[in-house]
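Okay, got some structures for you below.
Two complexes, one shared chain (chain A), two partners (chain B, chain C).
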Partner chain A sequence: MSGLLFLALLDGLVYGSLLFLVAVGLTMVYGVLRILNIAHGSFYALGAYVGVVLGLFVTQTLGNPWLSYPALLLAAVLVGGVLGPLVERFVLRWAYARPEVLQLLITFSLFLILEDVQKLVFGVQPYFLDAPFQLLGSAELGGVPYARYQLVLVLVALGVLLGLRFLLRGTPLGKILVAVVADREMAQALGVNAGRVYLLAFSLGVGLAALGGALASPTVTIAPGLGAEVIVLSFAVVAVGGLGQIEGAAIGALLIGLGRSLAVYLVPELDVVVPYLVMVLVLLVRPVGLLGTVEVRRI
Partner chain B sequence: MVKGLWALVLVFFGVVAWSQRPAEIRVGIVTFLSGPASVFGIPARNAADLLIDQWNRQGGIAGVRIRPIVIDEAGGAERQVAEFRRLALDERVDLVIGYISSADCLAVAPVAEELRMPTILFDCGTPQVFEERRYTYVFRTAAHAALDNVAAALYILKTNPNVRTIAGINQDYAWGRDAWELFKGAMQALKPDVRVVGEFWPRLYAGEYSTEISRLLSLRPDIIHSSFWGGDLISFVRQGLGRGLFGRSRVVLVAGEHMLQELGRTLPNGVIVGARGDHWFLHPTSRDDPEHRAFVEEYRRRFNRYPVYPSYHMAQALLAMRAGYERALRATGGRWPTKEEFVQALVGLEIKTFTGKIRIREDHQAIEDALFGQTVQTPQYPFAILERMILFPASMVNPPVGVRSVDWVRTLRPELLRQVPDPR
Partner chain C sequence: MRQGSLLLLLIATVLALLPLFFPWLGFVFTLALAKGLAALGIALLLRGGLVSFGHGLYFGAGAYAVAFTLRSVPLDTVWLLLLAVLTGLALGLLAGLFLSRYRGIFFAMLNLAFSMVFYALLAKFYHVTGGTDGIRVPTPTLLGLTLDRTLFGEALFYLALLLTLLLGWGLTRFLRTPVGEALAALRTNEVRLEYLGIPVRRVILLVYVISAGLASLGGGLAGVAVGHVVPELAFWVTSGEFVYIAILGGIGGVPGPFLGALAYELIRTFAFKYLAFTWQLLLGATMLLVIFFLPGGLWTLLGERRLRGRRATAP
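Take a look at the complex of A and B:
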């Protein structure tokens, strides 16, 4: 029985890590830009597509499957570094001052456009990349074989969490970011280029989404519609943790991950509703999410 | 002189009859062109393109060319009802062939009836359509989920008679629920001591199954049943493979045929795979049939893939349309049939398809044979093909007219297994 419980916790942790990797970029972008970015799901899908294409290229053309790991990271950097600045500069920049409904519509239309771009570029056939998953093989855990790659993902998620904490709390750039979030005008008055901070923060968010997609691509098959799937769950995670809270996203992802895995072990019928059940329960008790803060409206 | 006059009269009537023919047959074709289900929709549209082009080059149906109006099935049932009305009222199509999603079939069928629009459902799997209502204008030219899952149960018990435990992992929506219900019912009726040890219901398009796989690994059922399709199927296979799932249990993928080419060398040997009917480009009895071979080769030349079951389902619908018009024309003596005459001609029609034959019954549901086999990797193809195939006759795997599928599977008896042909 303890073996089963261990396995259930491990499964929850693995699933939670995947959720966190997707949701953290969404919550970070909201934290800095105050924009709920629906196109986040598209960046996830694009990261996955680029990751698979690069991964297949290095395994098939260069003949070295081990290079597929850096290829996945490169995909995240590419999508974040190219698409992030472009979208921030030409789409979001003139959306900041507009009403929230309009911002939602803008990112939603961006999402729809990017979905079609994916179809144009990558077609509708499912894509997948086996090398990173298979190279690491499996280890015996809790009495069943467990894929080592999925355990690595847990470590990566932990690394991203700690890395972001360090970036925000321990570096000058992080201090500037926090300052811009706290009071943009004051920060600008002190000589901070707020526009550049926004650009950086958004690109980082896009990069994180793409990283989530790229790292998921060795296990999850990439096909049209992936982005839409991901964005719904990410919203649940972010709502549970509190909008804009990075640690909140980690806790939200973990809660939903564990909730779902316990459901599969105890009442598989509830598998589908658990993420939303967790979300509703948390929001009933804390409407701003676990770590969310009450927004003060400035008049 | 009299003979000459008669000839003139005949020619005159011939011209009149001919001139009544429409300029073209307008066919609404509705299939997924976008979204995850486009893995079915695109192969179906490809088959439609191929056959319609080919028939039009040969003069169409009785000299009338076919004009397809292709619509994307994505967007949900409400949108499909609106699109259907648009096809019927604005595009003024003569018939509609379409629908992969069961929800779309169930939503569109009553509207088709109301608009008196001949409609051929070509792929959707829910048994409900004709079990809960009678239609005049709506037909389905492919078998439904009862065939897939009863054939799966028969195949398993024929090839692995000592099965004791089964588990299912199916997507939590109508298709997954129906499939498991029918499979479980059939297994328990055919071998009453079979025990269900696990039932898992991941979200449609979940893509991540490590928790379910952990459970399946620790439960170690003899058989794992799944009606997964598209990207979900590939994800499940890859994640299961990485963790030795296929070594611990025998996996049956009731709709697995459509993803064999995508899975390539990934799929191990010995996985039991169905094709939602008898559709398989290396079909045991019709692989060398000239028409079938021509279809497969032309499909491969144009689309660089082998046709999969949705392609065959689309072909069946088009063949039924053509046979329906031809039969109606014979009945009217050459006058172009009305919509009512056309739908009357479809009832009871028996049509030779590329892999076998279908018969459209009086309840408008067609029945067909079922094919199951086990995967084997060979040097000839870059993906797994089927071996140890069993071709189940239509009468064995389709419920009779007027009997609901869920009731029918419970009436199956273990003696039925003696009639199952040997694998080849």
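Take a look at the complex of A and C:
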């Protein structure tokens, strides 16, 4: 029985890591641009599709399944590097000065557009890519065999968390980013190109969503509707952790991941409801999320 | 103002007459009215500066209330719709007591969370709700008459149109009461409103409950009209559609959302027929164009032209 519980906790950790990879991009984009991007889930889905297609290409055409790992990473870079700047420059740039409601609706429209773009490019048939999952085999953990690929996911999530912390706190770019978030006008007066900072931050966020999708692709079936499912879970994670808080997203993802896998273990009927229950409970106690900051009300 | 109401009457008359010549339009219009009612609820909240990405909850609840009732009791359509409204009002009150504390993005996301819980329960409890297959809704009687499917559809459209006109008239009046005006002030500045002695949370709760009732009525109507209810009615994308419709039509006046719903359903019907994989793309692109070039929604298209005309004739 304790073995099962251990397995449930491990599953929760893995699930939480995947959630974190998507949600951290969402929360970072909100932190810098102050826009909650509903289309974020679509970038996740596109990352998954591009990852699978590239992965299948290198496995089947080039005949080397080991190349599927760099292929997955390349998918994230491609989606982030191409779609990110395009969307920021041609759509979001016109959204910054608008009311919150319209910003939400603009990203919702983007979601609708990207859903169809995805169907037009990749069709509606499901895709599978299990080479990255099979190649690593499984390891014994406390007497239970566990897929190594899932453990790698946890490490990648940890790496992204530490990397982002370092980027924001330890590099000049991070300092500029923080400065733009704190006071855009002052930063611009000091010679910072705020537009470029927004573009970079958004593209990084898109890239992270695509990375989440690409890395998750060997563990799930890729079919339409993927993005719509993931985005609501990311919302829950981000709301639990506090909007714009990177560490908060990690805590939120862990809470929801563990909560969900424990629910699978204890009350399997309720597993899909748990993320939202966690969110409602947290917001009941702390209306701005665990690490969120209270905004001063304007008089 | 007189001119505005005249124009509306004209539109309503055209709407009422068209299905006589093109019977299939009746169904499209009924669905448009159903979604328009839900979007009107959203528009009311938007006037107060609140946006809900979860009114699919009430839409779905209304539809499922009708479906569940018809499974055991063969009630008349009028009673079914009333029941849908009551379900929405009750659920809205329950959720509203909790939600009226929140603003901005958190309000939007908590609504989303509630609707997703409902959606998940509908999809999960197969034995009660039929899971993702949904439940078939048999054709109920209308005002005591047993009609065949086509005739029922037509009659239902006129009932829906009548209901919409009555509700639209009532809500237009409501927006001119002190509470209605407080709603618009709420968006500008909540704190000042409190200083004036207006109980902000109670205003929000009231409007939230009304909006939930409207969405449920729309859901009930859609359930009866389509003859089938599925969990997707409560999915967050449906809720997003309502926000879409409200903004597309414009929130400046009560008729706005219905105009938006009409445009939305027409785009959807035609695009779905001819461009199966690109109808969402078309809808998304339309919205971006409307937001960037017509920020007041389609409603201002009529209003502005009228204003310009008046200015041109002024001495």
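Keep this in mind: the second predicted complex is superposed on the first by the 290 of 299 C-alpha atoms of A that agree within 3 Å, B and C clash if a C-alpha of one lies under 4 Å from a C-alpha of the other, contacts with A are read in each partner's own complex, and residues count from 1 in each chain.
Heads up, the rule we're going with is that a contact is a pair of C-beta atoms (placed from the backbone, for glycine too) under 8 Å apart; a residue touches a chain by one contact, two chains touch by 3 or more.
Because the structure is a prediction, the values reported are computed rather than measured.
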Room on chain A for both chain B and chain C (clash or fit): clash
Touching partner for A:119 - first (chain B), second (chain C), both, neither: both
Chain B versus chain C as contact partner of A:239, first or second or both or neither: second
First, second, both or neither for A:171, with chain B first and chain C second: neither
Touching partner for A:220 - first (chain B), second (chain C), both, neither: first
Which of chain B and chain C A:272 touches, first, second, both or neither: both
First, second, both or neither for A:264, with chain B first and chain C second: first
First (chain B), second (chain C), both or neither touched by A:138: first
First, second, both or neither for A:149, with chain B first and chain C second: first
Partner chain in contact with A:287 - chain B first, chain C second, else both or neither: second
Clash-bearing segment of chain B, relative to chain C, as chosen among 132-140, 168-176, 186-194 or 222-230: 168-176
Contacts on chain A seen with chain B and repeated with chain C across the two complexes: 119, 269, 272
Chain B partner contacts - residues on chain A that touch it in the complex: 3-4, 7-8, 10-12, 14-15, 18, 119, 124-126, 128, 130, 133-134, 138, 142-147, 149-150, 216, 219-226, 229, 260-261, 264-265, 268-269, 271-272
Contact set on chain A toward chain C in their complex: 36, 38, 91, 94, 98, 100-102, 104-106, 108-113, 115-117, 119-120, 228, 232, 235-236, 239, 243, 269, 272-273, 276-277, 279-280, 283-284, 287-288, 297-299
Footprint of chain A on chain B - complex, ascending: 33-36, 38-39, 42, 172, 198-203, 205-208, 210-212, 214-215, 217-218, 230-232, 234-235, 238-239, 242-244, 259, 262, 266
For the chain C and chain A complex, residues of the former touching the latter: 46, 49, 51, 53, 98, 101-102, 104-106, 108-110, 112-114, 116-117, 120-121, 123-125, 189-192, 235-237, 240, 243-244, 247, 277-281, 283-285, 287-288, 291-292, 295
